[in-house]
């Protein structure tokens, strides 16, 4: 008999303060990573304060660790926030479906992330960068409310180093600082100005609902992306991650099992319950 | 990420003698999140503080716990030290292991266990500390004084002399308050107008004082540093700046027999256009529209207009609303006298020669209705026998008020004294309950009245006064001799108790300050903050706070002034950041928080969407007013308000740390 | 079933209110899923007013709907209330949840409502033993505040005095701490933490109840002795001095916990200590919004 | 196992129940307490109320306790120790019999089992379910709120029961459908008389009021429909419908404890609560009670059936009987069917 | 094993190590201005009192939520003391008045639900009443120690 709710303990290898309230936590189990695929998520907990759902934010190909990024917002996340390097985090997973890279191979890729939504994007993006030769042109567009809210500031340059890879970072109007050299504008607006074509391309979009809504529209209507080539993730509230607790379903779909990754086409067929 | 440093102080042997400080340190080191644990002989010493500062730097600490003496001793010391290293000073918590452990317990093992617990509690608390910024409120350096009696005038003058602009609002046509109605004042018997008039004139002429008489405060909003005040300047019907105060108008007014003079407490009459008294400041008449024939008879009469040389009478003048912004307020609205009609047995109002103390002052006054001669209102004769009755209304929980009006013993003694001085061979009797004469020279003053001026003091209450053949028969008890006494008097003077000025409760509500059940404004702390109201930036002076005499009123006026000058000596008002904070997402606008807040710090806030549509109403904390007392937190059912520094989750964490 | 006179009056008032535009919604009762049941109905069109009805099976306290955001959206609302329910409207006004200007109160004179458990078994006669305890102690057969009043056609409830309302309170009061503890432990053990008691309460209007706050976790989430006791205690505490005695919590409770024994006890104590009864005066200050210097102090050393 | 049929007299049934109680079985039966009828432990046959149609609550707490410990933890310094909560559940319900429930309640078990096993296997549920013995009684007089017939069951269905008792002329026929059932009566077999299927009175022809497939087909087509918002204005979101329902199974996972030790538990939860789906950001997919009751209908009559080919409702009518605002799910399901 | 027993077993596993009544844990919630200072005064005067008490300091009695009492019991306290400024002396004018109403009601409720009221104590201790603090703590501790061993509160597992 196996207790599916029993977590494993992972050790915190490193904590990266991304913004004032967001951190990336790098974990290891037995000195290495676990098997997961980009887009999947896990249930993480500081034991005693409750479990929370986070997507993995690192590339599964980087075997020495696995990562997630979180914003401190409630009881569980505040608990996790208080941990230090060397402390243990309880972890269950990986759960859910994933970004199907077989359908992305050989194509141009557009990664669009907004705010904390960049976390799951980073995972698939770095995965593709790790196997850079398998894909065509890669465009990365990442935006946040203000410069202070940008995650992963330290590694933008790393992404840029890859061949045929464009990295565009933007902040919402008003969120710029005097020394800001990136773009200023909402993600969907900046996206619209990019010379992207829908053919032979796949777009991966994650972020706040409003951003997703407009980004999908631009990609579809202005750039001619096929709906099945626009991929995003849902973040419905979930507890078990195992398709039992009854919280995450959208229509007949269990986001924890059948998701969290969906194409725009799939989303279209779902009732407006997310 | 918590990176807590724990510092255990030995306090020489004060702590280390009873508490195993090393054990406390060892236990601290075991707590998750604690990255440094040290013990040291004297943490508060310079080397102690330096090591603390070094470790903050070295270990990049996010919080500090000192297991040491009471926070009341050194919390500030350590906070300052932490602040010097750039750590938010509120990230310092103290476990009191001296006053509340080592000094009160003897068993070392158990004392140590307790010290460990207290330390753990504070570690859990500090883990949940959020950065707190002290609140800075910019100050409009202008003051408002409400009420131009002696207290208000004193406050206004002191503030103005300190170089700060003052707005003085007086309801009546003239400033001066009650004091200018008095004749001579105890205990020195200097003439009230002689000392008051110059002050009134000074206030009027002071470049820093703007005087609004015949005016009232209509509305006040805002908070310390930034009160928005609406003042209603009632229509005088006289253009102030043109008026010379010559008196032609009131001399011309045909209405001179019909209107009772408020200033002379109904002992004389005034005209429809009038100045309340000859030394009024400003010396500009007011036209009382409720009695003026021009207004009552449809514009027929305009005798005053005709008489006025500069033609400054204008029947069409309207009330004016003036808006001012001030940084601080003095409330000095003074007092009224109790209505003694409930003492039917004393015949006040029924017998003309039963008068109040204030009326007697007017009879004594050289500028009064009798030009200083004591005459009976009934027949104008000089009374030979006067009975003074003290405590009419005061100290009488049944009919009047339970408190002592404080000035009556003294003014009655004064009255008896002045009566003896003015009417030779006269006799006065004083019925009293107790004699309260506690200030400098007061007891001597009363003794003098008895011994030199021959007043007969009878201890007891008067039971009945009635008229008989032109005499007032006063029946009462002399409880000292045990005899019933009956005195045939020519006049009876009732020392009526004082009560807050009518409408002071309304004003208090407008100001958001608290007042007691009688309507006297309550001080923020009766002993330590006697000049402050419960609301920051609003100060109190004079009788409005409770019974007091002139010297005390002056002192309190000056006290309020000095508080304001002190406040204004900085450009910003700084409040500790440990104030309440509303969770707008869950607040349901029940406003229980507002009901219990003694500082009026909670107001309603409307949250609107971009199109201006009201989404919801929530509670809003005014940082300038909130004291962080936390009463609101208890009142909130849905736990939508919390006090920084003592957040619910911190308290719960402390309890959790104690779990057995 | 045919319209009674009461129904007709009710329908007329509702129709007029809706037609004149004075309200955009009337909350009332309509016939329910069986003959002995009534159910809430929401009338927005004058022509639907005919659905309205009232009789001694109208057990629900419709004031509970005034806290629903979906209902609040209607702005001006007419509501059918019995005397007890009307007190809830008053309390909601006192606590700023609704404004007197936005509500038209259609008060029903009520001589009692029949316990639902009995009604479901077929009871239709209004009698001392059939009505809820609250009806036996009711002092507001005619609502204290209303815009319209509809007098009752039902005969007045005859009280023989044989049925002692809330008799459990006295019994409990005379018990020792251990016995009380045992009594309540048994009751609370049944609780399944469904929070129906809260949802059914017109005065539990918090958009996020304390039980839904987890920083700190005010109430243990478990539905065992500890969590259940905490929940029941805190709910009772939050309703002390506020509960108007409509008994809806107890009626909603699926496991029959005698919640009114707590509510009524607290109402009694609050009245004894502070002279305050909830919901009687929309201008009164709620008992926990004020204090008196001479408040009960005996228990404090 | 192939079904077996027995006859048992009323007297022997009483003996049988009293005997298993004497042999340390915990017998849970409808019993009168707290001013109502609830499932509860009985110590004598007489304490069972076999006349009541349905107790107020279902017996799901014996399959899914209202609070269940998933794991326990303790801290020593920075080290965390985790103890598997499953150990405590091993063998649960082995000596527990639910006696006198109805076919609808019995039908709920296998329905829930599917959710708890469709992918990951929830052994907490399985362990309890596997061990529990269910002896039900066929209904003779369903009430207004019952609609098991519409829900693919019937008042005489043996689905989910280990033993189904059918009353006939003062005696009972026992339909034994499982080894578990057989094992239960084995030691007392002399009280029973084996008989043939033909001897057991045939099921009556129960009429359906509406076709549930039509309800589903309405739901298939109408996610946004005024009906939901209007009809459920009167729903106060109390969750009684879900808590009393034998098939509602949603739960919440929470940690509870102090700085030394604690546990992770799961508690019953309800889709009727506003916070159920509330995102941390404040966004809530289901804002109104209409949205939430629609979810319940969807889950019962559409979502579940698409995954598991059965409906998540056994037609017991508890939610209707217990709803304080008199919302009748049968009526609603029929309304929807009529609109389809 | 029967399920009920299983439950009991589970409870045992989680059960707090029962403090013996001989050494009960007492938690005191006190206001900063009066009682905390009073307790400090007891210290500076080197008075001695029972060491079972753990003090949690809050700004004002007005901030001492009755629910803290429940939490203290939940976490194993055997007695809870709430103490603040005397009526009329509140540093924040009326915090203690408002709370007094709540305490009176809450205490009633606790008693009615079967909490042994001997375990909950309220007091007014001013900054000058070091001696009162000492005697309140000592008497309260003695009282708790004398109470029957089994706890009667409903917030901890039995």
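We just call them A, B, C, D and E in the order they show up, numbering each chain from 1.
In the analysis below, a residue touches a chain if its C-beta (ideal position, glycine included) is under 8 Å from a C-beta of that chain, and two chains touch if they have at least 3 such contacts.
Quantities reported herein were computed from a predicted structural model and do not represent experimental measurements.
Colleague: Would you mind naming the chains that touch chain D and likewise touch chain E?
Modeller: Joint contacts, listed by label: B, C.
Colleague: What chain lies farthest away from chain A once each centre is taken as the mean of the Cα atoms?
Modeller: Of all the other chains, the one whose centre lies farthest from chain A is B.
Colleague: Using the touch rule from the top, work out which pair, B-E or B-C, shares more C-beta pairs.
Modeller: B-E
Colleague: So how far apart, in whole Å, are chain B and chain D when each is placed at the average of its C-alpha atoms?
Modeller: 69
Colleague: Round to the nearest whole Å and give the separation of the Cα centres of chain C and chain E.
Modeller: Comparing mean C-alpha positions, chain E is 34 Å from chain C.
Colleague: How many angstrom between the C-alpha centroids of chain C and chain A?
Modeller: Measuring from centre to centre gives 49 Å for this pair.
Colleague: Suppose each chain is reduced to the average of its Cα coordinates; what separation in Å results between chain A and chain D?
Modeller: Using C-alpha averages as centres, the distance is 39 Å.
Colleague: Counting only residues that touch at least 2 other chains, which ones in chain E make the list?
Modeller: 66, 71, 75, 94, 98, 102
Colleague: Out of chain B, which residues touch more than one other chain, so two or more?
Modeller: Counting only residues that touch two or more other chains, chain B contributes 32, 585, 596, 635, 648, 651-652, 656, 659.
Colleague: Can you pull out the residues of chain A that are in contact with at least two other chains?
Modeller: Counting only residues that touch two or more other chains, chain A contributes 50, 74, 87.
Colleague: Give every residue of chain A touching chain D within the complex, in rising order.
Modeller: Listed in rising order, the residues of chain A that touch chain D are 1-7, 9, 45, 47-51, 73-74, 86-88, 90, 208-209, 235-237, 239-240, 242-247, 249-252, 257, 271-274.
Colleague: Please name which positions on chain B make contact with chain A in the complex.
Modeller: Against chain A, chain B makes touches at 1-3, 32-33, 35, 127.
Colleague: If we count contacts the way the header does, which residues on chain E are in touch with chain C in the complex?
Modeller: 66-67, 70-71, 74, 87-88, 94, 97-98, 100-117, 121-124, 136, 152-158
Colleague: What residues of chain A sit close enough to touch chain B in their complex?
Modeller: 15, 17, 23, 81-84, 87
Colleague: Write out the stretch or stretches of chain E touching chain B in their complex.
Modeller: 16-17, 19, 25, 27, 36-37, 39-40, 42-44, 46-49, 51, 54-60, 62-66, 68, 71-72, 75-77, 91-95, 98-99, 102, 134
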